[in-house]
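Two complexes come next, and they have one chain in common, chain A, joined by chain B in the first and chain C in the second.
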Partner chain A sequence: MAAAASCSTSTRSTGSVVVAASRNSVTSFQRRGPRASGTDSGCSRLVSIAGTRPSVRNGQLLVSTGLPALDQLLGGGLAVGTVLLIEEDKYNIYSPLLFKYFLAEGIVTGHTLLVASAKEDPADILQELPAPLLDDNCKKECDEDICNHKTESNIKMKIAWRYQLLPKMEARPVSSSRFGHYYDVSKRIPQELIEASKWHGFFLPEKISSTLNLEPCSLNHGYIKLLQFIQNIIYEEGFDGSNPQKKQKNILRIGIQNLGSPLWGDDICWTENCDSNHSLTKFLYMLRGLLRSSLSACIITVPTHLIQNKAIIARVTNLSDTVVGLESFIGSEKETNPLYKDYHGLIHIRQIPQLNNLIYDVSDVKDLAFKLKRKLFTIEWVQDNYLRQERNIYPPGFSYLLKQKDSAWGEGSLQHSTFLMSFLAKGILVSFCVRCSENKEAAVGIQSCHTLAAAFASRLVRHSEPLEQTGSGRIRQAAGPRLWHDGPRQEAPGLLVIPP
Partner chain B sequence: MLESLLALGGLVLLRDSVEWEGRSLLKALIKKSALCGEQVHILGCEVSEEEFREGFDSNINSRLVYHDLFRDPLNWSETGETLPGGPLEALRALCRRTDPGPVTIALDSLSWLLLHLPCTTLCQTLHTLSHQDSCHGDSSPGEQVHVLGLLHEELHGPGPLGVLSSLAQTEVTLSGAMGQASAHILYRRPQQRLTHQTQWFSILPDFSLELQGGPPLEPQPYPDPRVPSMDPTTHLTFNLRLSKKEREAKDSLTLPFQFSSEKQQALLCPGLGQATSHIFYEPDAYDDLDQEDPDDDLDV
Partner chain C sequence: MFPELNNLLNTTPDQAEQGKLTLLCDAKTDGSFLVHHFLSFYLKANCKVCFVALIQSFSHYNIVGQKLGVSLTTARECGQLVFLEGLKSAVDVFFRPQEEPHPLQFLREANSGNLQPLYEFVQEALKPVDSGEAAWRCPVLLVDDLSVLLSLGVGAVAVLDFIHYCRATVCWEWKGNVVALVHDSGDAEDEENDILLNGLGHQSHLILRAEGLATGFCKDVHGQLRILWRRPSEPTAQRDRSLTYQYKIQDKNVSFFAKGMSPAVL
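Here is the complex of A and B:
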C-alpha cells in the first residue's frame, strides 16, 4: 500500500495524462493517470494521508518530525507506529523545543494530537507552539536567517553552460501539503490553527487524585491511566482500523513529556534500586504494542541524565525505536572548546529503527551539533565550522551546493583534489543532482573529476570505477539519494578511485 | 540578583552544607518578603519555633504563620495542636489555601521532608505548590507563590539532588572563601537561556541581607571568555583561499571539450523555444513495446 501511495503523494499531476508545456516541468516523461475504471475507496493504493510519505528505502510510511534536518538524519522521517525517544539535555531547555516542533507539525498537516504531561497543562503547551512558515512569508524569513546565499544565475557558466536555461529548483517547501515544514520559534502559532485542530490532553494531576490510597502495583498508576487514555482515543477515533468505512484516515501524534520523572510517580530518577524499576519499561512495551497496531507516531522525552540505574537507561533505549540524545554545553567544559564555539550543544542519533529491513543504518556522522538561533533550530556537522568557507549550512543528505569559490578549480590541480578529498573524507558530499544543485558549475566539475589522489583521503573507502569523461555534459550517472543505503557506504559511484 | 530572588517565583532551592549554613539566608529572605507585605508560611521541621523566631523583631514575627512539625511530628501528645496527617497533610493544606495575594512558603527543611516522605509524592506536591497560581486563572506577578526550600546537600545522593534541581526554578548554592559567604545562583527562565551569577554577601545580626563585593564577579549569562587556543584553520592540507594569481590562472584555464561560444549559443537557442525536452526513441528489433503499466497487475 505504501509503495503505490507514492504516486499520489508526490506531484499533483496524477489527474492529467499529458502535461505538455507546463512551465515548471523539466522532464519529458509524463505520468499516466489512474485507470478509467475509477477509484473506489476499497482501492487502498490511491489513499494517501496528508503529511505522510513512503520511505524511499523500504516503503514504510513516514511522518515528519517537524524539523526537516532531523528528518534527513533519521532516514526520511519518523515511521508511523514507532516511538521517538528524546533524551533530555541537562537543564531541559532544548528538548521541549523538539517536542513542540513535532506537535506543531501535526497541527499544520491536520493530524490529531494527544499531549500528555505531568508538569504543564497540555493547553498551555499548545499555546506555546512555534508558528509555521508558509508560502510567501517563508522565503523572506528563511533568507534573513540562512546566511547569504549568492545566486549564480546571472553569471555565465563556463562548465555547466547547458543548464543555464533551466529554472531554479525551489529549495524551500511552500505549501502545507508538503512533507516537513519550517517554523519560527520566536512567534507563537496562530490561535485559529489550534482551534481548527483536533487534540486531546492528558494532564496527570487532574486525572489522579492525590489523596487516593494507592496500593502497590506492578505498573505505576499514572502510567496505567495514560495507557488507558491512549487506548480509548485510538479505539474511539478509529486509528486502529476499527471503523474502516467511516472517514478519511488520519495519523494520531502522541507526545509525552518528561516520562520517568517523579512527577509521573516514578522512582527511577531517585534511587538506583527501587521497587518500581520496571514500571517505565513495561509502560514503553505496552505503548509500543498500541502504536504498532494503529496509525500513530509518538514522541517521548525522558530525563535520562537523572536516571540513576544505567541498566534502566539501556532498557529504555532498546524499547524505543528511534533515540535522539541532546547534550547541551551549558555548564560543561565543552562550552569553552573552540570547536564548539558556535553551537549550543551536541545532538546524538543513538538509534535508528530496523523496520522491514535486515540491517539498519547507523548514521556515519558522529559529530552533529545544534544551535538555537532566534528563529530556527539548526543541526550541522561540527567539522563544518572550519571547512566551510562561507557560513553555509550543510544538512546531511541534501543534494547540494558546494561553494568552492576560493578553491582552485583547475582541472586536476592538487588543491582541487585535496579540497574535494577533505570534503569527501568527512562524508559531506554524497548525493549530487546537477539539476537540483544551486551551483551547477561545481556540480558538473566534480562529476567530471577523477584524478583524486587517495593519499589525501582520511578514510579509505572502496569505490567503483570513475566516470568516463563524455564531454557532452550529459549526466551518465548521478550519485543518487543513497546516503541511507544498506550497510556501510561501499559503492559511491564514480567519484574516487584507490590506486591498487 | 540575590535580593530579587523572590521576584522570580516558583521553587527556590537553597543548597547549603556544613561549612556554609543556609538558615540565616532563609530567614533573611523571609524577613524581606514579610516586609514587602506578603503572607509568609513556614513549615518548621528541624528547629523549634522559638529558635526560628529568634532574631526577628515583633512586627515581622506577627506576620509569620508557623506550622510546627518539630515538637511533635508524629502527633503522640494528641493535644490537637499539631497538624494531623503529618507533613504531607500540612503541605497539601498549603496547596489548598485560597487566600488571595502573594505568599511565600518556606520549607525548613526540604531535607527533613525528603527523608520522611515518599519522594514522588513530595515532588508532585512541591510542583502543585509552586504552580498554584496557574490554577487560579490569570496570574499577575503579584499573585505568585514563592516556595523557598532549604536543602542540605550533603545528606542526599545525586539522584534526589538532580530531581529537585530539575523541579526548581532557581537554585542557590552556598559556598564561600576566607570567611566570606557566596551564593551561586542558577536561574532558569522559561523559554530562555540559563543565567548564573555568583554573589558575595553577609547576613547582619538582624537578618538583613548585605551584598558585598568580595572577590568580584559580575552577573553574566556566559562563563569567562575562553583562552584563545589553537586556531583550527592552520595546518590544513588544502587551500581555503585563493591568491589573486591563482584566481586568474583558474579563470583563464581552458576546459577540455569546450565548444566555441557560437556553437554553444546554437545549441542553447532551440532550447528557448520549448519548455520541455524531447525524448527521441527508436525501438530496436528486439524491443517489446507494451503500453501497459506492469504495476497495474499488483494487487496492493
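Here is the complex of A and C:
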C-alpha cells in the first residue's frame, strides 16, 4: 500500500487518465491502473468524481463548500484531503449554517457524508439542511436581490474610481453548474434526497458509553473514538484506495461540529492551563494524516472565542488548512456602525493552504461581510456599502472637515486612506481637526493643490500608526504614507508637494 | 534551490558548508519556501538527506521539488533521500500498533514522551556506510517542522534534547548539517515555542527568519527575510552579521530585493 501510494507522479502521466487542466496530484494517495469508466461527465476521457473539479492554479482536486461565494474566496473551492476550520461566531448562529451548506452540497452531489456531533443527533442535523435551489427557481429568487446591484454598478464612479477596478462578488448563480449550488435556507431539504444519500453519524453520547480498551494516551476518549470511527469508514468504504472499488469513486465529506467544546470532554474552553492541552491538536494532526491519504474533505467548527489559551488557537490554526473566521455583530459595538448596517457580521479568511505550490494564496479582498437574508446567505465586500454612502454624504464641490473619529472605518485602513486620497485627487480640501467636536462642516469652494498643501502644513494632521493594511500595497504607495504619521511633518510624496 | 538566495548566503551546491545548524523560522507568514530551498539545495549538492516531514505529504514536496529541479522519487529510490512522512506514519502507529519501536512512538504515550526513537531513526538513516568510496558528500538532517512536535505533546526540552543529540552526531561527528523550521508564534504567548526558538537560536550558525510585512498583506512583496550569521562557539567574537531582504514568491522561484526596492514600486 505504501509503495503503491508513493508511486510517483512520473508514472502517473503514463496512466490512462488524460486531464485537460494539469492535474498534478490529488493527495498523497495515488491509484494505479485504469479507472472505471462510465462516469457521469459523459464527455471525453476526463474521469471525474461528481461534484469536484481541478483547481486552475495547481491542479488540486476541489470540492465546493456549498457557498459559491466562499468557493470563490478560497480560490475555487476546498481542496480534497484538507480541513476547513470555521471559527465560530460568538453565539453560534451563523457557523452552523456554513456547516449545513457543506453537508447539503454533499447530498446534492451524491458524496458520502460523515456527521459527528456531541450536541445534536446527526439524523436531526440532516433534517435541517437547506433545500437546494434548482436553476429555474433560483432565477426568480435572486432577481430581486441583484437588480439593485446591476443599476448601481453601471454608474461610473467618479471619485473613488479605483474601486471600479476591483472584482465584483458574484451573486447570481451560474446556471446548471455541477460544482456549487445555491440553497434556500427557509426551506428544508426534501426527505427523498436524504434517504437517497449515504451518510454515517457519530453522536458522542451514544458512542462513548461502550467500554474502552485502549492504552492511556494523551488524547481524550471522545476524540479517540471519533478518529477510530472515521478511520473505519475510510478503510471499509475504500476512500483510501484500500479496497479496489468496482463502483464509482466518491468523496467522503466529514463534518464535525463544535470540536473543542466541553461537550466533547475537552477542557480547553474553560481553563487556561488545562491537563489535556494537546488533545485537540493531536486530534487535528491525526485527522490531517487520515485526510491526506484519502479522498475526503472535512469541515470543523471550533468555538475559538472560548479557548482561553491563545497559544492553542495558534496551534489549531497551524494544523488546519483553510481557516475562516466568523464575527457576528450581535452585541458588539459594530452593530451601530453605519457602515455595517446592512450586514450581520464579518467573515475573515485567515488562512488558505499552500499545497503543491510555492506561492501561497492570500485572499485579495479583505473587508468581507456577510448577511443572512430570508433565503440566502451572501458574502459581500464592505466597500460596496461605503460607495453607496459616499455619494450621498460627500458630494463634490464642497470642502469637508472630518473629525478623525467620525470615520466609520478603522484608522489607517485601506478604506480610510483611499477615501481621503480620492478626495485629494479631486482637489477638495480635507483637513482634520482633533479638537473639533462636530462632524462635518461644509465650506464653499474647491481649493487648488497648492493651497491644499499649505492648508496641510498649517493644520495639525493627526493619524495613528496604520494598524493593518487591508488591500494591495500599490494604493498605499500612492497615498503617501508619511503624510499620515504622528510627529514632525515630512514631505508628502505623490500627490502633494509641500512648499519648503 | 533559489539562485538568488544562494547568492545572498554566499554558497553554491558545490561549496556547501559542513557542520552547521541552520534555523529557519517564520513569523506571521509561511516560511516553508525556505524548506523547499534547502531540500533541493542539498539534493543538488549530492548530500545524503534525511527529511523528517511532519506537516505535509510526500507528494507536496515532490511536486514543488520538481518545479525547483529535483526529483524526490528518484532521490529516494537511489538512497540519497530518506523520507519520513509524518502524517502517514502517525496514522500507522496510532491505529495499527506495532511491537518494534517506531520513530513516532511518542504519539501513543500518555505523558510527554521523548524523541529517542526518532533520534535513532535519524541515526540509522544518516549513518555513513562503510563502503570504500564515499557515495554522498555529507549527511544532512532536515526537519519540517519542530513546532508541530510541541502540538503533539512533546515538551520543548525534549525537542531541544533531540536537536542536541542530532547536532552532536550529525554536525560534529559526521560533519554534516542540520536544518530545522520553527514557527514563531509572535504575540500568541506560546511559551514552549519561545523556549524552543530561543534555545535553538543560540545554538545555530545561521538563522533565516521570514517575516510578514509589518503593514500587512501586499501582493508584490510577500515578506521580509532576515539572515543572521552567528558563531555560537565564540560568544565574544565580532558582531554577528545580519542582512535583511524582502522577497516575492513566484511559481518556481523566489526573487529577493533590498528593502523598498521591489520592482513593483520602482
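One rule holds in what follows: the second predicted complex is superposed on the first by the 298 of 500 C-alpha atoms of A that agree within 3 Å, B and C clash if a C-alpha of one lies under 4 Å from a C-alpha of the other, contacts with A are read in each partner's own complex, and residues count from 1 in each chain.
By definition in this document, a residue touches a chain if its C-beta (ideal position, glycine included) is under 8 Å from a C-beta of that chain, and two chains touch if they have at least 3 such contacts.
Note that this is a predicted model, so its numbers are computed, not measured.
K.L.:
Once the two complexes are aligned on chain A, which partner has more residues of chain A within touching range, chain B or chain C?
P.N.:
Ranking chain B and chain C by residues of chain A touched puts B first.
K.L.:
After lining up the shared chain so the two structures overlap, which partner does A:Ile330 touch, if you call chain B first and chain C second: first, second, both or neither?
P.N.:
The first partner, chain B, only.
K.L.:
For A:Pro190, decide between first (touching chain B), second (touching chain C), both and neither.
P.N.:
neither
K.L.:
For A:Lys119, using the defined touch cut-off, is the partner it touches chain B, chain C, both, or neither? Pick first, second, both or neither.
P.N.:
In the superposition, A:Lys119 contacts chain B only.
K.L.:
After the superposition on A, what does A:Gly241 contact: first (chain B), second (chain C), both or neither?
P.N.:
A:Gly241: touches no partner chain.
K.L.:
With both complexes superposed on chain A, which partner does A:Glu128 reach: first (chain B), second (chain C), both or neither?
P.N.:
Once the two structures are laid over each other on A, A:Glu128 reaches chain B alone.
K.L.:
Quick check for you: in the superposed arrangement, does A:Pro205 touch first (chain B), second (chain C), both or neither?
P.N.:
Touch status of A:Pro205: first partner only.
K.L.:
State which residues of chain A lie in both footprints, the one left by chain B and the one left by chain C.
P.N.:
The answer is residues 25, 27-28, 469, 472 of chain A.
K.L.:
Which stretch or stretches of chain B touch chain A in the complex?
P.N.:
Touch residues, chain B against chain A: 92, 119-121, 123-125, 127-128, 134, 157-160, 162-163, 166-167, 188, 191, 193-194, 222-223, 226-233, 236-242, 246, 249-250, 253, 255-258, 264, 267-268, 271-272, 274-279, 293, 295-296, 298, 300.
K.L.:
Which of the residues in chain A come into contact with chain B in the complex?
P.N.:
Per the touch definition, chain A meets chain B at residues 1, 3-4, 20-23, 25-29, 32, 35, 44-45, 91-93, 118-119, 121, 124, 128, 158-159, 161-162, 164-165, 205, 210-211, 261-263, 265-267, 269-272, 303, 305-306, 308, 330-331, 335-339, 341, 385-386, 389, 406-411, 415, 418-419, 421-422, 456, 469, 471-472.
K.L.:
Which bits of chain A are touching chain C when the two form their complex?
P.N.:
Touching chain C from chain A are residues 2, 5-6, 8-10, 24-25, 27-28, 30, 58, 215-218, 227-228, 231, 277-278, 281-282, 285-286, 288-290, 292-293, 310-311, 313-315, 318-319, 354-360, 362, 364, 366, 466, 468-470, 472-474, 476-477.
K.L.:
Which of the residues in chain C end up touching chain A in this complex?
P.N.:
Per the touch definition, chain C meets chain A at residues 30, 32-33, 36, 56-60, 62-64, 66-67, 71, 73, 76, 85-88, 90-91, 94-95, 107-112, 147-148, 150-153, 183, 185, 187-193, 213, 215-222, 249-252, 254, 264-265.
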